[in-house]
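By written order: A, B, C and D. Residues from 1 in each chain.
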């Protein structure tokens, strides 16, 4: 999602306020849980302009509640700290100035302790607000904004993990974020046995886009008709072992497999393998993970690929990447049921496996507005569509996606060269 | 077309060899005609990496016939000059090495005279080949490659003009390419009187892509079904006068009108107006044209816009850019009839005007393969799709497009920031 | 000193080992004292490639003792941490690999606590070594290396302060390093009253370079003869008030005052004032200092200038910058006597004031080897002269220079565009 | 000389007007002679920002006479073309605007023919002016400016050749500027037989700087006293063969031989040999020369080195580069006698050989003003010293230096990384 959230859900896509109160506590606590294995020093550093420090994620998600909810609905609102309005604004021009993104790692003040205090303060005020007497219209507005704020925070939970992984990977000591796979962050789940088969779909004049009462971002709307030709999807994700065969066949040295811009990217960056792979001393492949440097497991889905690499692999394999419509159409029948945390459920279903919970799957679709998509008024809605250029859609969800944040119509998006997300390949033809 | 041609027409989309012989002479001569107002010095310079020297265009189009036709079909083939295979290869990795694009302006040797001799030599050999006895299969192959080579040369005729315009615009003397508008290059044609109205289309499950026996590039195929929602198109192009109102309303200083990447582009390049506009001493607007510096005519279509500017203008005007399907659907009923050289014809038709012959019209569609699109084998086909990323489709044709090179299904494409083509705006809603 | 230390003193320029033991404790403790006002987060960040995190300074100075002393002289030497040899090597190729300088801010591990433990461990081992029985030759070697290591650490004490200042200055909160001027870091001392007069010197065939038994760096040697024409030096440093007059006279907009490269530097960086100056809301000038944002005091010496600015100012003032020989010749008679910490002493002397303890003074001399200068063998000496190109000499010492680290023959050096040191102007003519 | 001329000779350093008239004709004609082997296309291209097109050299040297002489002294002065004042101004801010240097290759207009007409016109007007009645003061001024203008044009004659060489070297056809060595441009002269010996000099308190009545640039003044320690110079220049030994000994892979900035330069540019060297198919070394690609002659002086390479070689050879004072002192007794065109003369002298006429010899001296150097008023003198930063002095003269343009006190200067001049090495110790 390029650190840009796609916002402004229609009002009817929110939960009742009572459910949201419990959910607020849970989501906010989960963010802190993710920061727990890290020192204050770890939380302050920024490894590249695309990534943000953990401390900034903790503060920005809090800023979101303070700016879009408390500032509007809290009686006698006063900001926790006047300067935070600028410091922790990500890209909302309508809110005012922003601190330059590449300099987020230089904000050693406010200290982590102060940011924790900021979270604590805003949480307390949020709870008071949720407990207070509100007019029905304010109640509805609060529900809508709360829903959005929590979805927003969940997006940052995933970014927090991928940004931390990128930071730790720059350190020659290759420190682990967690010593052993734990519940909160099970990074990679073994792929089901068996090679991928092909699952056929009829296509036709179908409906694409979010349906029903659940929450969705505005970029999943409006649901609209589309004509899709018959197609097939691979039942499983491409594995490390399969991708290794591409490397060993000279994939990174074969111009004609690549998009022109991808070939320039490979050559000018002298790339020879996915991000986080390295060759060990004995010639075996290692992979840096959130649990430190590990021997590469050929059975796991390959991750941390750019669209360029995904496309070149598909080309080499005699296939192609799916369009986002094909992917969504195929996934519409699939129950997420606990999402990525219970992949066994999906695996039990016939046909497609690993749709959710392993890695985001690059599609060939450029990120564009659905027909009839409309920009909403105000700062929240001001920029809904402003990232719809030179970015490509990924579908599914990853091992770092928080529970309850995955659905068939979800549109994640990144530039074609981005590799620090858990991004992989499902083939189509 | 980003200097990249989309190639490999299916065999049945070619003219009979007899017609092609006459056409060969005519197209090849027209290229030389375009270079006539220029000195050898003019023909050697390269004003930016995206542009090429005229001499390079003259040589590269010739290289195309020598490499893809003579090398295959000429008995006892020997190259005109061994080094030209590398020097005048644009991007065909399958053919071998290439000379680095940004250094094309440093090739003072071969001299223009030698490049003219190269053209002359290849033309003579091509004529001999076309006149020679050929087996039916060779005849078919020759027809196919000839058709393609001539279409390729016509694409370069347009690029030659836009590249020359860019070069001359860098010169503080603002020299004219031609003193007065002439038949060969009538740069801009006055817009019809009357403001734009809206023309409504029903959409539905329609067919998009090239149809019939005429030539097309492979990126226009296969013709396929698509569902298009009802839409409206502006009957005319946005004019200089209308665009000036956008500037005067602060368009270049208003962040929320722009795509995020567009706003960065505006800010980092400190842009305030279209390419080639400048403010004169008395405060009036001037525009650099192929006829030199001219007073800006508010009735003419605005040209030399990036997609960023086109999109921001549409946003400001409460409209949007069309998708390429919408544009093609609307244009399907329109006879090109002599194309851009007889705009009066199109103007006489009810409804849509200025579809062809004025400027390329940005669409919101990213350049992507049609469903079922297939890569062809060999160097010619090797790269058909390799430019289908981070580029956007333009439809129609411009005042610089050669006669007979425009059609409803034609897909031109450039990156969102490109401005040196004759690119403008037709609004949709 | 460009973060590069100029090393390898001749053996006879060292103190007796007994004095060095006490000095070791004191210098090492002072470094920790400088880090005391900072959080672990503050200590980890790097604000630009030229600057280093405080944590890195703490570790690198320790690495120096471990690598050049313990590794050589300690029986049964084992490194504190194998990876530190690479992580905290600054530029000694002879020692082995180095961690890339611009990425020092990403080393969130080892944590500050671990670096403190590293210092503690090395200090304990150093004390044991100093207390142990050593052969006379080892004793001499130890004295030499200890002397050098402590001088090295003192250089980093100054860099630590200027790097912290640069980091805090990037923060929109403009946090103070210390709340009020304290003994350890009295940033700026008021200039003596009265305007500068000129002090005349005869010059002649003089001797330049370090003399006597005290420590010096090898770049101060050999002492050699030089012919110096008669000259005059300003008795005091240029003040903020005087520099403001230059600004108000259009100094930053007047090309002919600047060196050609300086003018490019001013234009491409759009500079209008010294680093750390800013205009307050009421139009008055503010200056960011280690005590936070302060109102600019016109009586203080102007600091944080590049050589370009110093040279342009001198040009504007109808004067010039001194050569390093002129400066040294003038300073030779001046007792440092407690150095910059007792400026009253220097002020009491007739004639020249503010030679030491206020700011480094740019000279027009490029940093070059003295005649007869020789490179020493091994890693320590390997690179003594390798920074002698495109850098310019500054003389004197600043408010951040540690006590006992200033002398008339000391040669500090930085590139002409460096501004983050306490660098100012003494005029000559 | 970095394309910057060091100007403003004192009035008494000029020839009588009668001699200057003949010299004017000769020098101006020689410039055209140098352009003769080139096509108009060759004359228009610019291969890098540091180099200029030949056409620009032809026009700029003419602009110099028009601007500084005709504009001042010609009655009823009217410029040949109003725009040329900007187009062909190199760096004189006092004269007004300048055309951006990196865009000189885009000036296809004015055409070469027009520039030749410009030269012709200015020459005719100059001759008329020289023949006219002038007041004694005007006569003196004219003599002074004429002398300077001709020296200026001679500097550009050398740059014209090095710029052409650089341009042709970019062309994969490696075209020769001249087919065979001719009188006008004998590129390289065989080195005398025998290895270099060392010639010893006593040094002492000596005088450096131009002496006598002949012309000199102001940067050679004032003559001043300097103390120089005893030193030795190599009697001959370092040869290709000797430099090859450095390469084969791993010189380009050995960090400790290089200045720190030089090592960065080697690594980031992946350098392995001098500019214009390349390895042939059979493994032998080739060198691109003005006569095309030639087999490397080990007996010739090595040329086209940066100061970085010269310094590293000297380091490797156990020697050092001379200071400019040492070089000048050694050369003071040497008669130039026909300069570089008669190297046999110099070779016949005892001791030092190849001082002039082979290649410029890097010194370790940064380019700085002599003590007492003064800036002159007006545009001509405005910038005399503005290049005195981050440049290093070369002494002697090269095979491309025009006759009569070499002398012992001449100070050429370039940045340390410049390689496109004929720059080589004379060792010192």
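Here are some notes:
Note that in this section a contact is a pair of C-beta atoms (placed from the backbone, for glycine too) under 8 Å apart; a residue touches a chain by one contact, two chains touch by 3 or more.
These figures come from a predicted structure and were not determined experimentally.
Number of steps on the shortest path from chain B to chain C, with steps defined by chain touch: 2. As a whole-number value, the distance joining the C-alpha centres of chain B and chain D reads 47 Å. Distance from the chain C centre to the chain D centre is 38 Å, each centre being the mean of its Cα atoms. Taken residue by residue, chain B touches two or more other chains at no position, since every residue touches fewer. With chains as nodes and touching pairs as edges, the resulting graph is a single ring in which every chain has exactly two contacts.
Contact between chains, using the touch rule, shows up for A-B, A-C, B-D, C-D. Against chain A, the residues of chain B that register as touching in their complex are 4, 91, 93-94, 205, 224-227, 229, 255-256, 258-263, 307, 364-366, 368-369, 371-372, 382-383, 385-390, 416. Residues of chain D touching chain B in their complex: 39-45, 47, 83, 86-87, 99, 103, 105-112, 167-168, 170-173, 175.
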